[in-house]
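When the chains are written out, they are named A, B, C, D, E and F in that same order, and each has its own residue count from 1.
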């Protein structure tokens, strides 16, 4: 399992940069992981999405479907891609510390 | 709902003589209902069967299947008919205060 | 009694018309039976309010048996006290539904004395149905029936009254003796017919040839349908006579053959028996010219039933061909294994066809010791979801 | 590089023989690519230990898209560091897989520069598959592809790269313009192809006639298959020529017609077009004599898919006949309603065919506003379990 | 109480042999061929040349002992007391003297029994109990059959149809009989979910059995007023009645919603096509006693259209298979609806998975 | 980071029109008929009389850029740079000058490309990734295909078969491609339940998704060493791999138990019979690289028996349907086993529900 260093913190991640253990997540981790997505400072909307994902995951044990995510947060799909250029699964879920999505390959 | 009087006790029963409320059963009830089957004094084996049915019903909410009943109590089917001439469903279940079986019509 | 009869205007309308009227039957019976009379009243009531007036179930019977009687109580007993109890008794019919009048009259006498005087000749399973009696009459009727050589049929979770087509008694196509087999099995399973101990009903029906005149494949858990293994017996001259008499042999016979294995050139009928599926069509159309082959027996099928609860099923091939000679050991052993397995493993109210669907036909065969054969299926599996019970493991 | 190459005796064996060898392709690519070289090593390893050496999944991609790249990592990266990352990129092919060599050479150049130099022409869905690249190369390859007029195809829960048969470009039987439609739909659904937002994949394939040369019915959620509504166009003289040239018209054409609606009397071919199911067989056998009718369009079918998870499905008829002319409004509206409904109500990883099975075709039709038609089914229902949403209640 | 040990039990039915007429005993298993000299009359010829004549008479199945005795009188008069019943409940008189056939038929006519049902004809309508005896019935049985046979009797007494026509009726979806495999089937259906008697349910019914009984999992256990009982998710109920069968406190019978559906194209015989199920033609017709005119009209129409269009020996289902269901619906004028499309367990296998569309 | 707003995206594929040779543009939608003058060569004749010649060459599908350039060279030389690929991954050269056909074929032969696959012939084997790229593969794809085509090439380069022969291979039951509807299908299968990595599973997988993924409900949530994880009731597992697809910690790949199964009689076209699924012929053959001799022999045998017995235009499945499965198993010498009998969702619809038994 590789590790990366971000802003001086070291994280165990998989090849795609997903947190090895989703339970080790906190807001600092999110901010650090965001930098791998080219995001230096998370906006309010980005936080909103990340927190939504995080809560959804903790409640249901899964990531929400993309349509649900957009509907419940009032974002259009292209806005999500603007916030997280690699998309909701590869970008937002990673920052939110969710397990790597498999449903979308 | 008709009632019958047996040995001086009055029971609410259905047309087939089954106890209206299975929860009102006790050993006296069993002995009384047994008389409707032509059984003046229940033998040990008859009690064994009745108690088995009763316990099974209380545990699982249903009457056991006939094969199971025979196997688990070590009776042959014809022995059951000797003990309860109208059979396990119409005779033994009635005495054991179970709801009227429907599976076997 | 007739002067007190309530008016039954709706039913009276059904006395008219050319087809024999069941209302007439009820009225005839009503002349001697208050039960039949009140039954008219109940039915008229139903015709008025468009709903039945019988309560659910009822468990009554004769002592020593758990089957043979369908209990029935009215939901309007105050109005119709005579039919407050109105049970039917199922009496096992003689194989092939053959009677001499003296036997039938005996049944009538018993029934007139104790019951409604109404019957069904016969019930859908095949029994003589004695329609409508009081609880108190059950034992007397039963005693008098057995006295006269009749016994009860099945009901509930038992082997049901087996039935069969007229077979060799009056049909040139019977590939085995349907009556002998049916009588033999009925006697063999007396205990299983009278004392419920199975997960659900188990019906046996036997037809002498693929025409299946007793609808075994649709209505029996175990369907025994006659067939043959060798070539169709052709009398070419007789075919010629049919043609001469105006039968279009090509259009009506050859073109309708499901395996398209016949050819008629105007003088001779050529059958490719290796492709024939033994459907009977050509034989049916030209009974004087064609006959089933000589190596005769039956196809044994399993699992037929009506829709409750997982949908209707037709029986499917279990043994493509079995010779059937008394004492029918092979067949009885097979049935024995099926009843044993399904009896032990079947769920309550799970017909054997549903049981097979649940455990898989392959596993079912394994459990009863039959070899899988391609004849049992329309085609092999299409999905790749094959079970294997064991796998290799790395040596440690 | 070749002097350092590990021995690959097993693979070498597959260089022999008359059929063009994929091993030769790998070795060719290996001359210019260390990735291709190490891929040979990985495969030789697999041939030795009989198991693949790729890890599960991998989510990589290009920015702004959620689809088009299949991430892949080696499970033996130490041994084969060059293919530790070995992603494939799916590039949307031109409709009908037509190319000019300059365009194809462009793709080769890009791929030689950044990737393994290995491709699939084409993937099973139809894409140009660029097989094996590192994560760092994704963006550059994508940029150069778009620079040269190519874009990515689908992967994951998107509308997948639509594909079609050669159609009117080179086939006399095309009943609509497969290429134009496919290009139009591909452009129309760019967003849905690149950005996953559906419950699962959604494939569209178009074949110009019932021969279905792109296997749409088996492989597409939405299968568009050309057909016609009027009579088959018969050139009797040309039929005669086929017969004169030795074709047994009755045996090879008429007898094999599935609806048995043709007759050949030696001089004229009679077709009962009202019974014809437009299977193409007679036209296929005698292309010079028969042609599809003139009132042409397509049958729209829904739900085809491979076995995961409830078993394979073939697409089934949704619209028996639809005219297909640009801008294809009717079809697009239909697809739009389907995507909307299934997008909202479908479960994760539930193909539209499985969705329909779950909610019922009748309810599905109601929801997308199509009238039920008997053409949609082989036969009406056999089970009596009919839903009714409402019932009458007694007045209080 | 009678001592059950002493009673006669398990003797089984009478042995059929005692009821076989001598000619049958002599030719048992040795019949050579048969002919149908006229509707309702069969002649079976033995290998020895013996000829057995069968006269088949229609029966309402529901018979009083009085009528059975009347039938016996005729059997005594013409058949030495031998007779049988068929698998479709017709009465068969077994004669050896062809001269007696006409006399018997005349006597039968006087007694009100039509003769027919042989060959390519309509036979008796196999049916069930209906409101006469069953607790499950969504319609009556005998009444519809009588009304229908009054109209269709011409197809019973002649052999003017393309093939055999087997009509059956069952008063509920339990389908006692071979309704599910008939050329035309008339089926009583409920259309309202069970009305639960929460008072009696806990006392009379086994809860686990009730919950397990529902094929669509519409039944869920709940507590109500301190009792364990069940509730039904009504939108999942398709009125199969299986819950009622195991639990009397959940009746489905309902005059406002019960009625009749019509099914076509099933068959049992293996002749030509394989046996197959009947398919839904008309989802619902009202209960309209005593003569159910809507049902009678619908069935008559089906018979007429089939009779006018089918080829010789083409049963209802074989004919429809040849012309295709779209044309069947057009020819009969029946509307194709959502209800016709299967949505039960094997629904997808009924979808048209090809472009082989018959128009 | 590139600014994604500025990038070129969603342009879609190149428009096909720019790749169509002039003769196609001129005759687009106006072709009249075609002929197959020799195996691998088609001629399409336009209404104007224009003639387009297509030369079809077999391809391994896995192509290096070097080889693609070599193909381009040939297309430049003979076809003004126009070429296409088929839906079965063959290469088609589009010529207007018939004189060039022989030259092109000769050049192709030199380059190692056989010409054929037209008409009633074997075409290319459609296949998938196998051990070259996929994580799911129970067998390799390209290797088997190469070994098989080396043996069967004679049926590609000639038109000596009764009908079209479509062979396909998929390396796992996901069945990428139309394996489920092929005349002969070669399918990689696993035969061992997933081996669970309990350490990693709770971290990498969504538990509810994993549990829901299993079609036989073999997967149940459990707690192990304080973690939520799952266990598999192995006797319920039929190795579909759906759990692995959603959860990397449940691999099925296993060298001791993986292998190949053979399926027959599927088809896609609507010609004559309706499209239909392939059916199981041989449940298991071992993975035996590099040439999988057991698989090659089995497929060859199937082709031989079909070719020897089928009528003209009779596809594999149509032939089997005519002779019946019992005879198919006898003729091919394949053993019929428990595995051949369906036991999945619609199993009962595959049972022989008649006595129409072909022996």
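The rule we apply is simple: a contact is a pair of C-beta atoms (placed from the backbone, for glycine too) under 8 Å apart; a residue touches a chain by one contact, two chains touch by 3 or more.
A quick note: this is a predicted structure, and the numbers were derived from the prediction, not measured.
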item	value
Co-neighbours of chain E and chain D - touch as defined	C, F
Chain C and chain B - chains in contact with each	E
Of all other chains, the one whose Cα centre sits farthest from chain F	B
Chain at maximum distance from chain E, centres defined as averaged CA atoms	A
Distance from chain E to chain B - Cα centre to Cα centre, in angstrom	38
Distance from the mean Cα position of chain D to that of chain C, given in whole angstrom	50
Length of the line joining the C-alpha centres of chain C and chain F, rounded to whole Å	48
Distance between chain centroids, defined by C-alpha means - chain A, chain C (Å)	66
Residue list for chain C, restricted to those that touch at least two other chains	55-57, 63-65, 70, 191, 210, 217, 225, 258, 277-279, 307, 311-312, 314, 348-349, 382-385
Chain A, residues touching no fewer than two other chains	62, 81, 85, 100, 102-103
Multi-partner residues of chain E (at least 2 other chains)	1, 4, 173, 175, 180, 209, 215, 240, 245-246, 248, 254, 270, 274-275, 277, 344-346, 353-356
In contact (per the touch rule at the top): chain pairs	A-D, A-F, B-C, B-E, C-D, C-E, C-F, D-E, D-F, E-F
Chain D - residues contacting chain C, complex	307, 311-312, 382-385
Touch list for chain C against partner chain B, complex	55-61, 63-67, 70-71, 73, 85, 155-157, 191, 195-200, 343-344, 348-349
Chain B to chain E touching residues, read off their complex	14, 20-23, 38, 60-63, 81-82, 85, 99-100, 102-103
Chain F partner contacts - residues on chain C that touch it in the complex	210, 217, 225, 227, 229, 258-259, 274-275, 277-279, 299, 301, 303, 313-317, 320, 353, 356-357, 360-363, 365-366, 372-389, 391-394
Contact set on chain F toward chain A in their complex	1, 4-5, 203-209, 245-248
